[in-house]
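Multiple structures follow.
Two complexes are shown next, each including chain A; its partner changes from chain B in the first to chain C in the second.
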Partner chain A sequence: MTLLNAPTPTLAGAFGNAVALSCRECGTRFELGAAYACEECFGPLEVVYDVPRLTREHIESGPQSIWRYRDLLPVPADVAAHPGLHPGWTKLVKADNLARELGVKSLWVKDDSGNPTHSFKDRVVGVALSAARQLGFTTVGCASTGNLANAVAAAAARAGLRSVVFVPSNLEAGKTITTAVYGGTLVAVEGNYDDVNRLCSEVAGDQPWGFVNINLRPYYAEGSKTVGYEVAEQLGWHLPEQVVAPVASGSLLTKVDKGFTELGKAGLVEATPYKVFGAQATGCSPVAQAFRAGADIVKPVRPDTIAKSLAIGNPADGPYALDVVRRTGGAIADVSDDEVVEGIRLLARTEGIFAETAGGVTVAVAKKLLAEGLLDPDAETVLLNTGDGLKTLDAVAPVVGPTATIAPSYDAFQKAGLA
Partner chain B sequence: MTLLNAPTPTLAGAFGNAVALSCRECGTRFELGAAYACEECFGPLEVVYDVPRLTREHIESGPQSIWRYRDLLPVPADVAAHPGLHPGWTKLVKADNLARELGVKSLWVKDDSGNPTHSFKDRVVGVALSAARQLGFTTVGCASTGNLANAVAAAAARAGLRSVVFVPSNLEAGKTITTAVYGGTLVAVEGNYDDVNRLCSEVAGDQPWGFVNINLRPYYAEGSKTVGYEVAEQLGWHLPEQVVAPVASGSLLTKVDKGFTELGKAGLVEATPYKVFGAQATGCSPVAQAFRAGADIVKPVRPDTIAKSLAIGNPADGPYALDVVRRTGGAIADVSDDEVVEGIRLLARTEGIFAETAGGVTVAVAKKLLAEGLLDPDAETVLLNTGDGLKTLDAVAPVVGPTATIAPSYDAFQKAGLA
Partner chain C sequence: MSVSVRIPTILRTYTDGAAEVTADPGDGATLADLLETLDQSYPGLKGRVLDDSGNLRRFVNVYVGDEDVRFAEGLATPTPAGASVSVIPAVAGGC
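This part shows the complex of A and B:
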C-alpha cells in the first residue's frame, strides 16, 4: 500500500485497538498508515478494530472528554496525556421546552457548541492529530471555510504542531481572524472552496504533512463516533429511538450509526433499534434529493445556502449516509434558508442554545419530519447541534434586534409598554 | 428590612444553607430576600451560611456543573433538577506552552469560555435565577453591554422566565444579536452604560422584577465563588499558590478568595497560603491605581479601553478587591490595549485558547507581574480566562490575518515559500 509521506514507521500501540484500514467498497485490508484510498478500487478506507470486552465502569472512570472512549478509537492508550484540547463530553440537554413546542414526548439536544472551538470538528481533529503525532508528522493542515480551520489551528497550537490551513481568499474577515489568531500558517487561496480542496490534495501528495481531512481522513472520521457514544452514555447507557443529524459530507451521520452499532456489539448498551435521520438545507440538498428519488447515487449540486458549514455539493459519504438512513428506517429532508433561521430562533428561544446555521437546519428538519409523520413524536429523540451561533451571526442579523429603543428615562420606559 | 418587590414569601430551604444577608460594612444581619443594601449604613449585603461538614466524595458525586457546590451556595438542594443552563465545571488547562514562554514552573488557565454562553457570567446568572425562582419573580432583568446580557437572556429562555435586558442603543449589532436571538425583551436605551444602569435601578424599584445585578446581587455575586471551588478541586483538592483574576467590579476576585477560604474552613482543602492578583486595562484601571497609591479609596475613572467587559469606571467591589490583594500579599497591575492584544495572541498561539479582551488583560498582566518580580515564577499559578474571543473579534482584527494570499496552483504554493 502507499504510505503517503509518512515520515517514520509507527510504533506498536500507536493506534490502540485499531488493526488495519479496510476499503468500504471492496473490503481489502491495508496496514495502518497515512492512506485514505483503496489501491484496488479507489474506495475510501475505514479503520477496523479488534476491540476487547469493555465495561461501562471502565469508560466512566476515564477522562471527561472523547478520550474516555480511547479503546474504541485509533489512538494510543495514553492519548489523554498528550497535549491537546481534550474535546467532547459536551452537554446532552433535556429539551423540554422545545419538546412542548414541537409536540414531542422526549427530546434531547446534543450541544457540541460546548467544544473548545465550539463545533464538533474538535472531535475529529483530536483523533486526526493523535494519528499525525503517531505517524511522525510535525505539520498538519486542512482545507476549510470555517469550523475545521478553527479546530485545526487551535489544536495544533496546543499540541505544539505546525499548522497550515488553506481557506478561500474571499472568506469573511471574522472567520479569517478566528483561525489566524492561533498563530499558524494561514494560506488564502484566490479561488472557491473546490479550488482550495484541489490544491490541498496536490500539497498532500508532495509535502510530508498530515492533512486531517485528506491523508488522515480515516482516523479523523472516527472522531465523529464519539457523538454517538456520548449520547448513549449520557442517556444512561441506552440508544435513543431516533436521532437527527445534519449532513454535509455525510460522515457524521454514518459515524453516529457506527458508534451506536459498536456499543451494542461491545455489550455496553442493549442493541435496541434506532432510526437515523438526515438534515440538509434546500440550497445544498443532494443527499435529501437522492433519498426522495429512491436513488443510490448522489448527484452533485452547486451550493447556495446560508448554511455554509453544510454546503458540500458533492458529499463524499452521501451514499453511505443514504444506506444508514434506509437501513434504520429514517429519512432525509431539507428546509429553506428562512426555515433555517426560524430553527435557530426556535432553539434559542426555547432552550437558550444559540446554534450556528447547521443547528438551525437540524431543528427545522426535525419540525418538518414531525409534520410529515416521518419522525415519531412518541419516540425518544436526539437532535445534534454541531456548532455555535456566534460564528454565523449574519444569518440571524436581518430578523433579530431590540424590542424597543427608548430615551434614558423611567417615563420613556413606562410609555413603551414594556412592563 | 425592605423586601424589594418580592412577590411571594420564600419557602423553607429555598436558599439551602444560607441563613441571612449580612452587611459587609457594619455586619447587621437581614433576612434572606430581594435586598442588596443595608438599611443601617447602605453598605452592600452578602449571603452568610451555616455550612454543615462536607466531604470531597459528596461534592465529587454531584453534577458536572456549579451545582456540585450547591451546599455552599444560596440555592435549594434540588437546584440541579430545575431547568437551567447548568454552567460551570469548565476546563482547568495545564498551560505548559505558555508556562515555558513566560518562564513559569507550573501554570494553569481556568477557561470559562467553555460556559454555555461562553463567559463566567453564566455562573452568577445561574445562582441569581435560582434566587429569582425562589422569591417568586417571573421576570428577570439586567443592565449590560455584553456577556451578562447574553447570559441572562439565554438562561431565562431555558428556565421559562421572561427576561428584560437593557443595553445602550449604540451597542454593536453583533452584541445585540447574541442577546436578542433568545427571544426575550431587549430594550435599547439612548444613552451610555451609566444611563442604562440608572434606569434599571429605577425600574427595579418599581417593577416586580428580579434584576440579577441589582436586587438579586447578593445571590448573583455568590456564583463567582464556584470559580475558586473548581480550581481547587481540579488541582486535586488543593489551593494554588497564586491566582490572577481580571477586575471589572472587583466581585470575581473577592469571591474567588471567599471560595478558597470557605474550602479551607470546611476542611475540603488544607488552608495553605495563596496570593490573589488583579488585572486591569490601563484605560480603566481605578483599582490598580489605588493599589499603587496605597489608597483605600478607589477614585472613579472614565473608561477608555478595548477591554469593554472590564470597563467599569466606578467598581462597586474595588475596595474589597484591594483588601483581598493586600491581605494575601498579591498585587494589582494594568496593561495597555496593545499589551491586551498581545496577551490574547500569546494565549491563542501557545494553548489554542481564544480569549476575549479580558483574558488578554489577565495574561498580559501576569507577564508584567513576572517581569516586575511580583509574581513568583516558581509558585503554582492559575490565570482566570473569563470570556471568549469570538465576542471581541474587533480587538485582534487589525493585527491578525492570512500569512500569504496565493493563486490556486501548486506552482503558486511553492513560490510562496510556505513548505
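This part shows the complex of A and C:
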C-alpha cells in the first residue's frame, strides 16, 4: 500500500543533475521518487537541481529533440539512447501574415503540433517516462483530456511499457481513436476531466503504477520548460518580449516562465524582461476570472466549452499561473467558443497551421488582448500552438467545407465562377 | 452509522497505513465536526488538512460523496451517517 512512497533504489545519475524534490509552498525537501504532494502541507513538489556551468555550444551539439536540454531536466545523461518518441525541436514559425492581420510588428508561432503525437504533451511524457523507467515502473498511466492520452499510449508502446489511460467518456472521437490505436488500456470515465483526475488520484494511491501527471508530476511538469528553452534558442538565444500560452491546469505557462528564468540565470541568454499572457475559453475560465477579480485563489468551475483540452475546472497550477502573469506584467483573458473557431480559421488562413481548439483559444485571446491594449503590438511576441486541428475536426466542421460542389465537366466549372 | 473516509497515501502515516477509516461525528455533523472526530482517533490528521487559521489547505480537495466541498458549503458541508468522504491532494493532472 505504501509502495509508491517508499524511496525506490535507483542507479546513480538516474535523474541527471536533479538532487531532490522540494515543496513549492513550504520548502520541505524530499528524496527523488514517485511523490507529488508535500507530506507537510499538500503543496506541489518540484524538482531542484545542481546544474553545472553550461554553454550554448554544448546544447547546440545535442540531439534535435528536448534531450539537447537534458542537463536541465531530471533525466540521465544517456536518455536519448533509450526507446522513446524523442519529441521537441518543433518549428518556430515567423508568422508575418498573421502579424499583418493582427497589426503586430514581430510575431512567431511555436508550433507544437509537429511533435510525434501532434501536441506538446510528448515533451512532458518524455520526461515522465524516463522517470518511470528509472523508478522501475512497468505500467504508466494518466488522467487526460486527450492529447496526453495519445502521448502516453504512444510513448509506452515505443518503450515497451503497459499503459492505462483514463479519459472523460465525452471526448472527441479524434482523440479517442488516436489513443486506442496504440493498444494500451483506455478507460472512458463517465464524468468530466476533474472527475477523471479525482479517480486517478485515488487509483494512483493504491496501484503500483506511474501516473505521469499524478505521482510522476514533478518530472512530467519539467518537460514543459523545453518549450521556453526552444523558443529562446530558436530566436537566436534571446527571450521574446511577450508570450501567449493556453491555460488548462496552468502548468505549461508556469514552466515556460521557469524555462526563461533558468536560461537567464545560467547566462545562456540575457535576462531581459518578458511578459507572460494566459488564454482560456470562457466556458472554462477559472484562472481568467481570478485574474480579473484580483484574487489569489482560483475558484473551481464546471467546464462547458469546445476547447476540451483546456477544460480543467479545478486547475492545479492556477495560483502559480496568476503569480507568473502578475509578476511579469501580463494578463489572462478568455474568449467565446465562436471566437475559438474564428481563431483556428485565422491561423489556418494566414499561416497554413491547423491548430486544435487550444490553439484557437490562444490566437483569439491574442487578438482580444491586442484590441484591449494589453498586448503591445510593437513587442516581439510568441504564440504557443499546443496541438493539431486534425484531432478536433468537430470544432470547425460546421463552418468550413467545399467552396462549391460541381459536376465533373468543364462547363460546370465555368458556371460555378471559380476561376 | 458512521462516515467512511478515504485517506491519501501521504496521510497514511497517521492511520497506520489504512487507506480507509471510519468515524462517527454524530447527527447533524459537518465536515469540520468530522475532522475533529478523526483527529481524536488519529492525532495530527486535522492539522494536515487544515491550515493554521482553520481553513482547508489550498492544495487539498475534499469530497463528500461526489461533491467537491468547495462547490458545497466548505467545512460546513453536512457529513451525514453513511456518507463517504475522500481527501485528495489537489496538485494532480493537467497540462
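One rule holds for everything that comes next: the second predicted complex is superposed on the first by the 401 of 419 C-alpha atoms of A that agree within 3 Å, B and C clash if a C-alpha of one lies under 4 Å from a C-alpha of the other, contacts with A are read in each partner's own complex, and residues count from 1 in each chain.
We take it that a residue touches a chain if its C-beta (ideal position, glycine included) is under 8 Å from a C-beta of that chain, and two chains touch if they have at least 3 such contacts.
Quick caveat: nothing in here was measured; it's all calculated off a predicted structure.
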Give one of first, second, both or neither to describe whether A:V104 is in contact with chain B, with chain C, with both, or with none.
-> neither
Winner on chain A touched-residue count between chain B and chain C: chain B
Mind working out whether A:P315 is in touch with chain B, chain C, both or neither, as first, second, both or neither?
-> second
Based on the superposed arrangement, let me know which partner A:K299 touches: chain B (first), chain C (second), both, or neither?
-> second
Touching partner for A:A155 - first (chain B), second (chain C), both, neither | first
Between chain B (first) and chain C (second), which, if any, makes contact with A:L418: first, second, both or neither?
-> first
After lining up the shared chain so the two structures overlap, which partner does A:A188 touch, if you call chain B first and chain C second: first, second, both or neither?
-> first
Just chain B (first), just chain C (second), both, or neither: which does A:R198 touch?
-> both
Classify the contacts of A:S251 with the two partner chains as first (chain B alone), second (chain C alone), both, or neither.
-> second
Go through the superposed model and pick first if A:G401 touches only chain B, second if only chain C, both, or neither.
-> first
Chain C-contacting residues of chain A that also contact chain B | 195, 198, 202, 206
Residue ranges of chain B touching chain A (in the complex, touch as defined) | 64, 83, 85-86, 91, 96-97, 114, 116-118, 153-160, 164, 167, 169, 173-174, 176-178, 180-183, 185-191, 195-196, 198-199, 202-203, 206-207, 344-345, 348-354, 388-391, 393, 396-397, 400-410, 413, 416, 418-419
Touching residues on chain A, where the partner in the complex is chain C | 1-2, 4-5, 25, 35-45, 120-121, 124, 143, 145, 147-148, 193-195, 197-198, 200-202, 204-206, 211, 213-214, 217, 248-252, 297, 299-300, 309, 312, 314-317, 319, 386
Report the residues of chain C in contact with chain A in the complex, numbered from low to high.
-> 6, 8-10, 12-13, 17, 19, 48, 51, 57-61, 63, 66, 68, 70-71, 86, 88-95
